[in-house]
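We call the chains A, B and C, going by the order they appear; numbering starts again at 1 in every chain.
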């Protein structure tokens, strides 16, 4: 909501003048530049291999065909050597579900305990969380690979390292820290214990934090590539990203039409989700700035 | 009264125990998971970097001290690759950070107004953020395809009225890294733009009003109100972008495998390929550890800069 | 029905700061007890200790004859009204009021009955289905009250419940809260920093300063017979004029700066201890209404500073060539007090206040004789600040 409003005085200045054509034309140029790859992806997915990679003509919406989607839909149900599209979808969905749902539970509780409960070693734990926020996953991917190599080619192992997230804990921590403590005090006086207070009083008032964390972790896990790359070698446990990655990487004379169609299918759940919940997406990213 | 006083200490102990038990129960799952899957691997990577292990053999694990770290800076063959990767990361960061930060701030100011068109633009700029890097790589692989059939080549040819000769963007030692930078900026700018947008909204309108009353023009408004108001946001964005750019991996692995001639190799790519592809675990771990410390150091600097602001 | 008894209660924080010093206090059954003091005096801490939101470091708190030190807030069976109301934003007014009853597993019928009744008392019936976010400040205040009364608790605790309201509403809510408290008839502990609120609402008023209890009495007694110079200056608005003065050798005159006032023999009858101060320096306290422009008796000549016309009266600020005694909110160190006094020595010319009849002919800059009602003057020991009786 805050994001959609405008700095008032500038707007007032503007409205007295005419439409700011300069700003609008700049915006138009950048919008075309940013939108073009997306447009190319969608148009290309309806084109034959020879048309999809054919200079500027590829961008023209002529000779559109559903052939790519048709062959993908057949692949959706038929399991081949390279795995079935349905399988990739299932794995990606399952992994995302485990990470987002599990993450919301464990990270919100930990963030809450850090923000509100008094116990020994509180400062140390907080410091630990902050340091772990900084360490990127890639930097520990290699040792983690050796620790969990026994679980390779499972769905669970693709989700496991991402359920607990120092970053999510920190986001929840700062959110709960800014929530007025009087709400909980009132609940305690009304006779609610800590668990009931969390479930009935805190949770309903922490929807924005939950939405932010859910969205950010969904973006991250749906796009994750390195970890499933290390942990999967069998097509039946490939997530979508690996399946597409293999196409991008391996084909020397790529069938771009079909790859584009595949790519559209990868991004459609996310993009649809984004367009519907755009305000929440933007707010959740904006909430990161508070962190500074 | 007597019974009351004997009961008292018991009650008190129960109470305290319950309080801390609830706190612990809430903490344990989340903290436990990040300790197991982040902290322990971090220390394990330090251990791995100090030992030699031949995977799949019976040769006992042997401590080698700082051998793998010395390799990084003194092994005649390996040194070159490592330093080239470090340099690539440096160039990537030095180009991406200012471009992406500047562009994000510029776009944020442009879209910080109302209207359907502006809203559409805002959506467009943010859309690539939800694109997985795999998909971004796929699209740009087609755009950057070699020969006249490649989209970028074709567009540049039209713009220059045929004077432009098609380039092999990802296969050219001089063009590969800039190409990777181009698609990374496309994918990442929207993210920073939204953070800047939030920063812009955080500047109180009264600051603009005061400056207007003092007779400031639009450029002075930007210089004296907007920029100072975005200072902390900018520091945050710069640091996050820097850290992201040090983690450069996916697009390199997918599009160039570090090539041509290590022109796009990154530290993270080198670490993974050493450990995973070349089965040289200790070396990969040593690179990871070095990267971790670089990132921790940068974060410390960020905290310091932010703290100075507060003081 | 029950009373709240605090015995020797202290609070020391982990960092060693002692917020509350050995307080003994009894709130009788049905009594409206106001705790008042400047900000940071520990009054909220005291209330939160009774509520169970802060632990008790030392001493005993009992409610209804039961020591509650180790009870959870829920087990203490109290109701509390917070300064920002702390209404649950996601629940309707009805659910807010009913929440504690639902937790205590009362029957739906009973809950319905009590909520309806409370809503009627507070004229909230039309708002029961709304969320707190849509209510005005006064309505939210009533919901908070409703949440407190439906419980039929052993005691009410209120933490500055009116300070978020505008002045007019505050006066109205004062009487509403009092009416409800009378109706429910439970012991009430009410914390405020506003001494007018304290005086008008409390059956008795507790004055707290830097965690130390100063005096517990009815409002009138606090005003007429303050235990010490702090209570004397804190209670009453505008506050009492406090001046350094010396009783002369035979105790017949009081030297105030270059001027002096006659001290009648009767004064020593009323305040026998004052004898011991003959020939010594004391603090004399004169309420602004005990200084008049007309009348008889002893006068102090002062130079008039600015004049506030309130319509019903004039508040006249004036300067004397005598040193003013300055009361600090907190029990600051001796050096701090000294410093403050030096500062005030420079600005003392307009530190005194008189309340005089409206339309009196006074002009800024004039030197005017003020008649002093000496029989109503207060005397305080210079070193301890205690009243001399």
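Criterion: a residue touches a chain if its C-beta (ideal position, glycine included) is under 8 Å from a C-beta of that chain, and two chains touch if they have at least 3 such contacts.
This one's a predicted model, so the numbers in the text were calculated from it and none came from an experiment.
Visitor: Please identify each chain that touches subunit B as well as subunit C.
Guide: A
Visitor: Counting only C-beta pairs in contact, which pair of chains has the most of them?
Guide: Top-ranked chain pair by contacting C-beta pairs: A-B.
Visitor: Please work out the Cα centroid separation of subunit A and subunit C, and write it as a whole number of Å.
Guide: Each chain's C-alpha centroid was found; their separation is 56 Å.
Visitor: So the centre of each chain is just the mean of its C-alpha atoms; given that, what is the distance between subunit A and subunit B in Å?
Guide: Each chain reduced to its C-alpha mean, subunit A and subunit B end up 15 Å apart.
Visitor: What are the residue numbers in subunit B that touch two or more other chains?
Guide: If we look for residues of subunit B contacting two or more partner chains, we find none.
Visitor: Residues of subunit C that contact two or more other chains, please.
Guide: In subunit C, 72 touch at least two other chains.
Visitor: List, in ascending order, every residue of subunit A touching at least 2 other chains.
Guide: Those would be 193.
Visitor: What does subunit A use to touch subunit B in their complex?
Guide: Within the complex, subunit A contacts subunit B at residues 2-11, 13-14, 20, 23-24, 26-28, 30-31, 34-35, 37-38, 40-41, 44, 52-56, 58-59, 105-107, 109-114, 117-119, 125, 128-129, 131-132, 134-136, 138-147, 160-161, 163-166, 169, 193-195, 198, 219, 222-223, 225-226, 229-230, 241, 244-245, 247-249, 254, 256, 259-260, 263, 266-267, 270-271, 273-275, 278, 281-282, 285-289, 291-292.
Visitor: Applying the document's contact rule, which stretches of subunit B touch subunit A when the two form their complex?
Guide: Residues 19-20, 22-24, 26-27, 29-42, 44-45, 48, 107, 110-114, 117-143, 145, 148-151, 153-155, 157-158, 186, 189-191, 194-195, 197-201, 203, 205, 208-209, 212, 221, 232-233, 235-236, 240, 243, 246-247, 249-250, 253-255, 268, 271-272, 275-276, 281, 284-285, 288-289, 291-292, 295-296, 299, 306.
Visitor: Please name which positions on subunit A make contact with subunit C in the complex.
Guide: Subunit A reaches subunit C through residues 180, 182-183, 185-193, 196, 201, 204-205.
Visitor: Which part of subunit C faces subunit A closely enough to touch in the complex?
Guide: For subunit C paired with subunit A, touching residues are 51-53, 72-76, 78-80, 82-84, 86-90, 99-100, 103-104, 147, 151.
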